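Each in structure tokens, the structures are laid out below.
In what follows, chain A forms one complex with chain B and a second complex with chain C.
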Partner chain A sequence: MSEDLRRSTPTQDQQPGGRRAVPEPLVEVRNLDVDFRTGGGSVHAVRGANLTIYPGQSVAIVGESGSGKSTTAHAIIGLLPGSGRVTGGSITFGGRELVGLRRRELERLRGSEIGLVPQDPMSNLNPVWRIGFQVKEALTANHLDVTREQRQRLEDGLVAESSPRDDDELFLGSASKPALLTDIRGALEDSGVSGTSLDEQMKRWDETLDVGSVTRSEVRRRLLAAKISGAEQIALGHVTGSTVNDRVAGLLTEAGLPDSARRARQYPHEFSGGMRQRALIAIGLAGRPKLLIADEITSALDVTVQRRILDHLEGLTRQLGTTVLLITHDLGLAAERAEHLVVMYKGRVVESGPALDILQHPEHPYTKRLVASAPSLVSQRIQSTKHAAVRTGTPASGVGAPGVGAAQGTAELADHRPLIEVSHLTRRFDIRGSKEPLLAVDDVSFEVRRGTTLALVGESGSGKSTVANMVLRLLEPTKGSILFDGRDALALRKAELLHFRRRVQPVFQNPYGSLDPQYSIYRALVEPMRIHHVGNRASREKRARELLDMVQLPASTLRRYPNELSGGQRQRIAIARALALDPEVIVCDEAVSALDVLVQSQILTLLNDLQAEFGLTYLFITHDLAVVRQIADEVVVMQHGRIVEHSSTDEVFAHPQQAYTRELIEAIPGGSLHIGGAGAPTEPSGTAS
Partner chain B sequence: MSEPSMSPTVLPGQERYVDTAHEEIAAIDSVDDSAPPTSMWRDAWQSLRKNPLFIVSAVLIVLILVVALFPDLFTHEDPKYCVLTNAQTGPGPGHWFGFDQQGCDVFARVIHGARASVTVGVVTTLIVMLLGGVIGAFAGFYGGWLDAVLARITDIFFAVPLVLGAIVLLNTFKTSETVWKVILALALFGWTQQARITRGAVLEARNSEFITASTALGASGRYNLLRHALPNALAPIIVNATVSLGTFIVAEATLSYLGIGLPPSIVSWGGDISSAQVLLRVRPQVLFFPAGALAVTVLSFILLGDAVREALDPTSRKR
Partner chain C sequence: MGRYIGRRVLQAIPVLLGSTLLIYALVFALPGDPVTAMFGDRPVNPVVANQIRAEYNLDKPFIVQYLLFLKGVFTLNFGNTFSGQPVVNIIATAFPVTIRLAIMAFIIEAVFGILIGTISGLRRGSWFDSVSLVLSLALIAVPTFVFGFVLQFLLGVKLHWLPPTAGASPTFQSLLLPALVLASVSLAYVIRLTRTSVSSNLSADHVRTARAKGLTERRVIGVHVLRNSLIPVVTFLGGDLGALMGGAVVTERIFNVNGIGNALYQAILRGEGTTVVSIVTLLVLIFIISNLVVDLLYAVLDPRIRYV
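Entry: the complex of A and B
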């Protein structure tokens, strides 16, 4: 393995001898092995993993679920779940060996040296405690509550220091902030500032001097920078320490929660997903750790929220000098946020190196496959196998470049007649305890042409799934009409509705929930035929085999049960079941959102092939614009129940008309990166800071 | 290979590395054909038959059932043939447990008492499963006003303690001399727990996506209830039934002990415990044997319930 390392290290020779000394790595993981003990022996979760992180860097581990990326990160912080054990190799942190450390010593390390922001913001905050209390817990656990600060001040007093040290732990308190502002105002007035200029400057000071967040040295530095007379005395006199509550508010402010003192008194259920994640970031950074492990922190969030949180985290950690280890399944996100990438597959590090270099010249077969199918990096509609296979490593044509296929697609579009016509669709929900009803869908109109794909895009709460359920006739609209093949779908009687159901089929988001766990795959596939009394036993079984073949699963799958299949396989079964009755329309409600990138692209390709073969019409509901580009002909963007933009896919990506659409496109992780290596005008030197 | 684009700031340990030793990658998302297919019930059976708790309780229950069905295999003594001269005699050949105050053979009475207890337990549980199951399933699946009405009715019955309700009822109708009276009294006040559990399980299943998918396929509500919701609710129903079987046997014994359960003409453990009470100080073993048999029977069913719960618990079954 060390030979491999040496093989690709000619860069060191390029460095002239006069360069400054190489810094000490903060984290070094060498030949790490982690096993999980299960009923039937042990499972090797991580095998011979190597990882080096330098102070101040951001490094990302990329891999699919089960690749060992989270296990590696959890091994560093000593939080392996259940029966997980480090069985070999070493992990050093700041030169200190972590493997074999006792629980108490690890506890001392956690929070203050290594922080963790966990994945799921919904379950990682205790619902019975206020947010502020939970942040305070993090401070107390690391002895950073007020007693420690007082002790620090006493120590400082003993040493008789007159000027604050750079790393001092004295924060601005809420009690002394008014006096501080008064003094600043006085100093500004003395230097001749007055009128609106004075008010504006004071407003800025008020907003930027966050209680419990800025330290004495920071205040001094800022005052000096603003050339305020007597800066030293003002900072020394008024920044004399904060209460714990001030610190809590300060930490929440840092994490990007406005009005934090009030927010700290709220409970987790009063927070949105993004706000909870910010609270978790505040907790993770409370102990001012040297290393912050961010484990899929934005996977559960909307793209725009994801972008805002990652931007904020990036700025904050840079300001604090925190080293960041990002764990993610999203190659685009990793390449955008980290300078060094580690790609893991089946417990092994298969490739590592500078982020852009890996993206442009992937060498391991797995990385190549990953780069080829990352939705954020693929900028074209998947071409069906009937015409051409998915091209791997196609040079990104950029957002604005109109492809040849796209032009054809638009020309073809005009020939298709609308199969579904939705007009003025509205759905109100009465909310308990509120007089104001919720307008989940508000006056939505669109058409889906036969044989094409219309993508309904929006963030959570945009009403896109409600529209899907109404089109499926699973939910009655409050107002509006749905025409299916020229007939009013809302007026269908029982027998006609049964016929309608045969022609319009759904595929749902959750591959673990949409198949009855008690039904074998055979039973699940013949169920639609049984309900509609199609065929006899023999012909049904033949059809089930055909269906499995269509979704590229072996016939042996018939006898299996859903719990034996992976998420992607279940989703293929769900697609097969939807196809059982030869429908014309398939409504895909977030059908690929829960899947790993590679599986996701596989399913998208499958859907495309099926469309080309059977002339299917898709209504594709998704929150992910990157996926839209791969599958849709037309896009409807929804926000707060209304349509904000409706256009062809190429048009939406090339010339987004609305600010919201632009925001969504920009939020696609890695969307701005150019890959493929075919003369992409990138600056590799821009990676290292 | 990749050196031209390398940035000059790469630090030691972070150079480009490719794992050339492990280049083989599996086909994306291939089906694992190595293991034989298993359904949830087969999986449950696989884990159940390795569970010592299950083996012990199953062996005991089989034994108890055999005793209840064919008591003559174990004793030829007539439990109702009592000779007062034998009263309180200690164990002897052919009479392993000795005699009680009336001069009846204790062993024979313990063997013959099993049938009453097991009958009451099993039949009551079956009635309760049916009654509570139907009420719970309707309430959980259809919801709305039907749920509200059924839930209130359940709550009213739930508020009456099982044994208290049965005492009142049995005291009112003292005439009948069969086990059915006790069974009906217990079932009438014992179905609420089963109804609540069924309701919860059906409610959970109803909200799952596979029911929505089935509706979108054109399935009717009744089809969904019978083919999807109930089969998925079966696991908690079975677990609860097994555990409650033991409590019904206890309740029957309690009622018989109080003299209002089974009539003296039917040999039962509860009745024997009651009549042995007076001998507690002089000959405690006369009390011990029926009480021990009762305890072992109830324990077996509760252990079986625990073992079944463990095997069917979805959280312990994951891939």
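Entry: the complex of A and C
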């Protein structure tokens, strides 16, 4: 990646953000109304929203799903989905009204003036075209392909002959790079550099002069800075424009994709999520838009990848002078990445202002709740107000965390015996077409004590879900043993296994996929009881009502179907179903990852309360350390199928032993921010208990 | 890729053996003695009858007959009909007609199906969409022979626009009507498949990304919607080409097209086991090959598909 991609834009010399005297806003949204027509009338997705973005500023819209944040962003770029229509208000961009603009005019605006980096990297690239083709399209659509550059060069040939302008569009081409390097080498040799020092310097030049990314003026500036003789001539002679493929490679390099020329020939399915997101960033920035809309660009990615991509995007847009509109549900991330926050709730803008102001002095009740429950900002384990019957005094929760008073009295009653003992667990997968088997889980050992929560943390591919599936007896281990309550869980057959399933229940990540859409909630809840022959019709129905009560849903929910419920409600149903058989252990595989922050915090509180009340044991699988801090007593960090760190939650956060763990902790968005006092939430989490 | 094709060809062997054995057994089990039938109303001369039986191997046990037939197939000698004509000749005269008919029907269903389906998918809920949906439903619901006779009567007999039957040496025009009838049901499926595929692709995330790049609507539709939408359609069409090549017994009967379907029908009527099994073997081969081609085509259209 080149150090500096500075291209002068009008916004560059203006100080972003704070300056009061900036006269012309880049984007001004006034009283925006957006409706979606549905079968039974219209849904008002956005109502009277106001938003002002100044050039060079970074603004974030924060809100839960359904708050209208993405709809507002899509209205700006004129890409409202389906039946969405702007029904009132105005959107101006650089003083120009966008509402009611004709399709052709919008097409001209998109890409070159307003860019979009969309949400889900998995579905946002066309699977049948090569990455390079899709980036190239973004260039050609905005007439930034080579022919245009050549035409322009012919038109103002005189300018090209004189010293290069600062904003020239002549990029280094792959064909002329070897000659450029040879000349640099020659100049260096002339000035007396030789041996390893020469090789090292040449290596650096080779790595930093990115084809299709550095411009003539940039090369000249760098050569001059390195005091290379004849810098002017070398730059003029060898940076004579690039092919469109060079530009594609250059854009991908800028977006942080190594080996981009080769990568450009690959298809999206050959890319990981993070790489796809980088390709999408390259596409979004290809037309050098003045405004870039980044719509939840990292919510589908692992935390560490998330951090790297956001860091990169931040640096890149700052160098290019691009104004950024971030859309996110994560308050911590928004506060860390944007100067100005706009909080949306149910289609309305409820609060807006400088990021830190909002974080420290939230005024609207919704913002207050959001600040209180932002997982990245909450620094300790949620304490249940219910009587902690079996709360064990593990070192993790016993020391340091306030509010364990309730538990201390019963600490001696606590059962210290481990309920689940996993030792030397290994799982190999044979990959078709490859001789090398994949070691998904490699010699993993840990214990889960009764009544406590053990969090298994790692990125995708770390093997954590494989461990969960083996503990659930849904997958056979290749080697190793699992003891459940002192008995060999792997030896269980038929009736015993059925009994085991009754005691160990799962809650999965996707609340949309884990409930059968054909089953009413009642049927979903009584199904486990039917299978295990528990009770009769009447007692099962009574139990179903109890379960709904436990997860704080009204009894009327029984007659409803999953598609009538929100994601949070469905996850409550999934928990209720897991509780139906009075299990001792619940394995939560990313159980809150798909949920909005507020809902997430409610579910975590619920899980905590249920643990306190029934002495449940949780094996909690997650990639999000922020969640771990709120629920877990012990943490096992996994990487590449192995355990890299195992310790109490407080210990892991206070003194992480491994570099990988530190990286995970640092990747928590907003982790470095301090609100009000000493980084603790200003009030106990305002969730129901 | 090479290994994949090799494996598929190897897989074809049991399919071919199994299907021919099955057909041979069915023909063998057919009631009535073809040799007796040859004498018609005249009394059967046992000497001549035995001679014929020996000539056509009818006196040997079933499995020997089958193996002898297989041996013939490998030497491209399908044997003779009872009238002494080589079976190969029958296939050679009938097959070109069927190929012409199949190609015509294929072009009709591909061109009109994709065109109508695409317009319907792009303008979902418009009058054009509603009309094409109702018409395609009607085509699927009405049996081919009803549709065939109706068209034959209206366009051929009443209006004299097109010849009502094809006859011995069919012209392009005389094959147009049977081709239309043959294409009708598949046409309806192609319309519906294209429509669903286009309209679901229209709301795909990557289409929004394409629009956000600043591409013109024309290019968005052509490059990002159509290309992706046609993957399932092309797969369907490829499989259908095999089916069309296999001839259409009903359609060829209605319009008196002397194609492979008609030849098969006649052979069944006359109880000519050798001819029936020969034609069916050929059809099975065509199906296996066309399915393999479709599977390979799929990988060309969708880079995510890899064969190992």
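Methods note: the second predicted complex is superposed on the first by the 621 of 689 C-alpha atoms of A that agree within 3 Å, B and C clash if a C-alpha of one lies under 4 Å from a C-alpha of the other, contacts with A are read in each partner's own complex, and residues count from 1 in each chain.
The working rule: a residue touches a chain if its C-beta (ideal position, glycine included) is under 8 Å from a C-beta of that chain, and two chains touch if they have at least 3 such contacts.
Please read all numbers here as calculations on a predicted model, not as lab measurements.
In the superposed model, A:S520 makes contact with chain B only, not with chain C. Legend: residue contacts after superposition of the two complexes on their common chain; A:G353 is shown touching chain B, with no touch to chain C. When both complexes are overlaid on chain A, the residue A:P477 reaches neither chain B nor chain C. The larger set of touched chain A residues comes from B, when the choice is between chain B and chain C. In the superposed model, A:P583 lies in contact with neither chain B nor chain C. Contacts of A:G173 after superposition: neither chain B nor chain C is touched.
Of the two partner chains, chain C is the only one that A:P81 touches; chain B does not reach it. Across the two superposed structures, the residue set of chain A contacted by chain B and also by chain C is empty. Remark: chain C residues 203-217, 219, 223-224, 227-228, 231, 301-304, 308 touch chain A in the complex.
Those residues of chain B that touch chain A in the shared complex are 1-3, 5-26, 28-29, 31-33, 35, 37-40, 43, 208-210, 212-219, 223, 228, 231-232, 317-319. Of all residues in chain A, only 77, 79, 81-82, 103-104, 107-112, 115-116, 118-120, 123-129, 137-138, 141-142, 267, 269, 280, 283-284, 286-287, 432-433 touch chain C in the complex they form. Residues 1, 4-5, 8-12, 14-15, 22-23, 25, 28, 50, 52, 54, 340, 345-346, 348-354, 356-358, 360-361, 363-366, 369, 472, 474, 497-498, 501-502, 504-506, 508-510, 513-518, 520, 527-528, 531-532, 553-554, 556-557, 559-561, 563-566, 568-569, 574, 577, 581, 598-599, 602, 684-685, 687-688 of chain A are the ones that touch chain B when the two sit in their complex.
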